[in-house]
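Presented sequentially are two complexes of chain A, the first with chain B as partner and the second with chain C.
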Partner chain A sequence: MTASPTALPDFMALRPVIVGAGPAGVRAAEALVAAGLRPMVIDEAARWGGQIYRQPPDGFQRPKRALYGFEAGKADALHRAMGGILPAVDYRPRSLVWNIEAGALDVTCDGRSETVPFSHLILAPGATDRVLPFPGWTTPGVFTLGGSQVALKFQGCAVGSRVLFLGTGPLLYLVAYQYAKAGAEVAGVLDTARTADQMRAVAGMLRDPATFAKGLYYVGWLRAHGVPMHSGVRPVRVEGDGRVEALVWRRGDREERTVCDAVAFGLGLRPETQLADLAGCRFRFDAMDRAWVPERTAAGRTSITGVYVAGDGAGIAGADAAEMAGERAALALLEDIGHSFDAARAAHLEERLAASARFRRALTDAFPFPADWAASVPDDTLLCRCEEITAGILRQAARDGAAPEINRMKALTRVGMGRCQGRMCGAASAELLAQALGTGPDGVGRLRGQPPVKPLPFSAALTEEEVSS
Partner chain B sequence: MPLLQRVAERSRRAVSFVLDGQPCEALEGDTVLTAVLTNGQRLRATEFSGQPRAGFCLMGACQDCWVRTEDGRRLRACSTFVEAGMRILTGAEAVP
Partner chain C sequence: MIERLDTDVAVVGGGIVGGSAALFLTRMGFKVVLLERDWCGAKASGVNYGGVRRQGRPPEQLPLSQRSHAIWGQLPSLIGIDGEYVRSGHLKLARSEADLESLVAYNRKVAEFGLGLQVFAGAEFRARYPILGDRAVGGSLCPEDGHANPRIVSPAFARAAAKGGAVVREQTPVDYVERSGDRFVLRSGDALEVRARFLLNCSGAWSGRLAESFGESVPLTSAHPCMAVTEPIPRFLDVNIGVEGGGVYGRQVERGNVVIGGGRGFALDADRARPARNAVLTLMGEAVELFPELRHTHVIRTWTGVEGYTPDRNPIIGPSATTPGLFHAFGFSGAGFQIGPAVGEALAELVRDGRTSAPVDAFSITRFAKAEPALGVAASTGH
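Up next, the complex of A and B:
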């Protein structure tokens, strides 16, 4: 770089924006601030940390050790990192990005909307639980696993007085353990994966012995405390009118019934990709995530110049990988604007991200997606929670030949058209449609994102000028 | 019995609000979802079948926890903090 200040690119004239203040967003912001940039950080939550390191409201007293367990050190480091750079970022909490168009974001906060132009955009929107329908899954008392964890971590509440954990993935055992430790009664842990899946994946999971050991610890602790645990489970139905009274489930041909007043349910995570879609990024089907994700390079660059993705919203990889990917994307941004950047650090991050992806593969083997589930959903089970559309209606549209792909199916049946915009039913409708059409889940197309990506108060859709004119 | 059970953080200040016409208490820092579901069993009734719902994801994604207030506002219960004097309707019973 030349020594003459006038020849330097005007970095301060750039408008880098980061969406999301979880592990990826915070580390991206930190790297940009270290380079002298002043990014805007937009986040829906009231405080930074994302879902995994979500901070309780002011005035809550439980220590981080109680909230985050083994990850308390990482949570604290991330919280401090963002706290330390706050004066150097334009931080916008409680703010929803609901559209991206022509190099600008539409952002609403406290009912007011604003158009925010950006020069560069790092999307770090995270993930939510992946769910599939089963009879009774809309009954009050059935919550997602992640939601059940939020209730405990963020509100000091258990989602019931006797909670049954259902699904698969590391989070299943972690949240069950956290509930039991907090004094809630855990009625059992029902894993859709088989013990054989987990045995086969041991070698791969030993790539990250510390994480593997933590998983074993949770399972061992639950077993030692007499929590019933079963594998190879499929749910049959929730019993209870107006609230959960029991879950009937089966293992092979044998049906069992567990009395409980809440079910915490999740089948791994699904990336939140709607903003990348609205930004125009090209997508590819990821077999491991069983979902469409934005195409990205190892550095986090997408198909759109100046738009980057990092963290679980770019493909599920977990919190540690999200921190690395956020920093890596920021370094890519610095390189792309002609700023100096630490190339050795960038290479190191890419190596560690590749190692983390190999571990992720082993986790997917240990907790595989239950591919047979979709076929067993009864026709009268609600598939779409928002519009109350049943599995049978989707299957009928598929049988009629009227819905050869998922957007046509949405237009005909309204599945995926409701307030959640397919977040809760997208995976299920792709699986059911694929099964009805006899293709794989990659054969039914990708549900397109539509603005606003989440419901807005009516006034927020108007800009200030429009309101006053 | 209410849906949610408090297992920690019980020493916060009380906040009074009104749930379907009945005076209720929550704690400072509760979301509307927590405030309602530590007092009751539902947040809303669905538009089509009238079935009760009590939220699902608790992280602003599923949109299954929108409640109404008596003055006609709509609030996403999982991401709105309860305020003293709020008057929340769950559709559980008609309010004149």
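Up next, the complex of A and C:
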């Protein structure tokens, strides 16, 4: 064999694939394109932007300022970034990765399935709301915070005309503010965190004064506009026959009732990790996220060579961090294939990501997870909506000693076995099981992933002829 | 410090065979220690398709299978739950005239066992089963066969044994075993030592190693049948469906989910396997062809397991040829769920009486005496 004197790695023969076109995915794609690669970008949404910078459908006319508020500039920059590189990427919108096997993804689009080989994979699948059940939480009119925000951003509609916001985290105040600005009546903002938590965390949050100031602004604005705000709250029950009519809640021993026609609630976010699981990545328990996340280096490398994670899907860090992590992962990919890359930029990004992680820790202190909630869920409250499993069924199995671990619990009770495959109920099941067994949330194991990541239509298995017939 | 247990019978493997053996032995008054490396009923016994059928088994399995049929009829009194067991009937479909002929031939071959098989074809078949697609030309119904939920049935056997007094240890792999004097000595790391007069090898796909440590090598291979389940849909299928010659099988549970199976997964490691993409897509295609009703539904979950297969697809059941007091029961080749409880009962009889009331001679481990241990993965087999 003779080596050609100009032998350079054939970068164009590589097939880098990015899953997710939110802040992390777009910045990763941008960095790869800048290096002359042509990545494939697969995204479930019809247009890029992710959840936070979700774009309305074609023909919707609301201005970015109204859609994204303070973040309009960032949203616009991200949208433009992707718009600018579109000719240089293989962009696959409305596409769901449902399986990863042997160096290839299985992707459904419009009901058809295609197998897509990859040489390198950057996973940026984002996050969903973390929810815990409470009596009446399945009543029509109860939405997740993220879902309420999507309704506003994507379709320009509110989930109700008098909406009560419940839960904790920065999103709670942001969405309440966005709803009020959009003209909906905000019945109140009920934070499970205590004022004392927030006071204690002020020093840490001042690490990012701009973000902190925005948070203060939302709170101040809501207060100035007469929105009732309470902290240290726990929900008691949703009232309403077939539709939300009120939320009964308590602070300490005092119960109150707030009339509303919709409740938006969420307790922070949970990372979407099934794809990293199917890719074979090693996981570790993250105490701050109270979730299992793929092991990763500061650069975003996982335990599997050629597989990178970035953004909230790698551990909750927010949109700004996601942009940096996406770019950083792309630089790691470039380094790994022997391509030139900007090492100084990589170091700079890592520094900023570390700072952002410190701010995130302060946020966790300010909006702590209500660890006592799981114990207070009544036995007859639905825990797993898909399979209609109550908290009591899980607790009984835990008491029987037959299910000391979450996968065993799933096998014996069906919790997490339905359409959502535990994406919605998994965090709650782990919290309730841990509480029932008296262990921490890290003591009940990790729900194992299986394809399909989301329900797979039978049409995926049919030929074109069979589909149209 | 190592914990030491003295017992009459040590059972290795807490699947449906080991669990029911422990249960029947406990009922006979034996002291039993059951050791399970994972969770009881978490492997092939708990993740199989859930068919509870006699139809299609070779005649030599039918005496045991008939015994099991009677045991399945008393499930609640035995293990405390009904396990979602229903005698829905098992309909084996023919997709060609030749397949229909083999169904008729099978019917004749097993006539003496009184399975009550009924063969339908043509217009009568169509009228009876309008929900089936056009591919099937006829079928053979075993009205008293059915299906159950293996996830809850199989662990319940070991649990019932424990309730009856058996010592059941999960997460306890056996990594050392020897015969010492008139006792078997088993160890799990430096945590547990069990001494027993009798040893039952019921560890499914992992049984080969234990057999080998007593000088009995068996050409056992592992394979991973692929299964999938749909979202719940309105009830349309009230019979457990199989296909002559293998391929695809399906049943609908009370909640409305349709469980389908066919094809193979691949091993992630010795303990775990995952369905292969091609198997999933092929299975879905074949299932829609069989059940047009599925056309606009979704698969919400796929899975597989690790199962031990023998070259002749018959299990190994009975005494060891080298070591008195050792009994084997494994290699069920994807068809152990229905027959499992009767095999457990037969093992208990072997321990107590040295013989069984249902013949197991055809399943002797000696039939592979000259065979070389096979490597790799078993070929596809009918279900």
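Operating definition for what follows: the second predicted complex is superposed on the first by the 454 of 469 C-alpha atoms of A that agree within 3 Å, B and C clash if a C-alpha of one lies under 4 Å from a C-alpha of the other, contacts with A are read in each partner's own complex, and residues count from 1 in each chain.
In this section, contacts are C-beta pairs under 8 Å (C-beta built on N, C-alpha and C of every residue); 3 or more make two chains touch, one makes a residue touch a chain.
The shown structure was predicted, so the numbers you read here are calculated from the model rather than taken from an experiment.
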item	value
Chain B versus chain C as contact partner of A:160, first or second or both or neither	first
Contacts of A:193 with chain B and chain C, given as first, second, both or neither	neither
Which superposed partner A:424 touches (first chain B, second chain C, both, neither)	first
Touched partner set for A:147, first chain B, second chain C, both or neither	first
Chain B versus chain C as contact partner of A:21, first or second or both or neither	neither
Partner chain in contact with A:184 - chain B first, chain C second, else both or neither	first
Partner chain(s) touched by A:457 [first = chain B, second = chain C, both, neither]	both
Partner chain in contact with A:363 - chain B first, chain C second, else both or neither	neither
Most chain A residues touched (candidates chain B, chain C)	B
Overlap of chain C and chain B interfaces on chain A (superposed complexes)	387, 418-419, 455, 457
Chain B-facing residues of chain A, complex	44-46, 51, 56-62, 66, 128-129, 138, 140-144, 146-148, 150-152, 154-161, 182-184, 242-243, 261-262, 272, 385-388, 418-420, 423-424, 454-455, 457
Chain A residues within the chain C interface of the complex	99, 101, 104, 106, 113, 115, 387, 402, 405, 408, 411-412, 417-419, 421, 450-452, 455-462
In the complex, chain B residues that touch chain A	1, 3-12, 28-31, 34, 38, 41-42, 46-49, 51-64, 66, 74, 76, 78-79, 81
Interface residues, chain C side, partner chain A - complex	39, 42, 46, 151-152, 155, 159, 231, 255, 274-277, 280-285, 287-288, 294-303
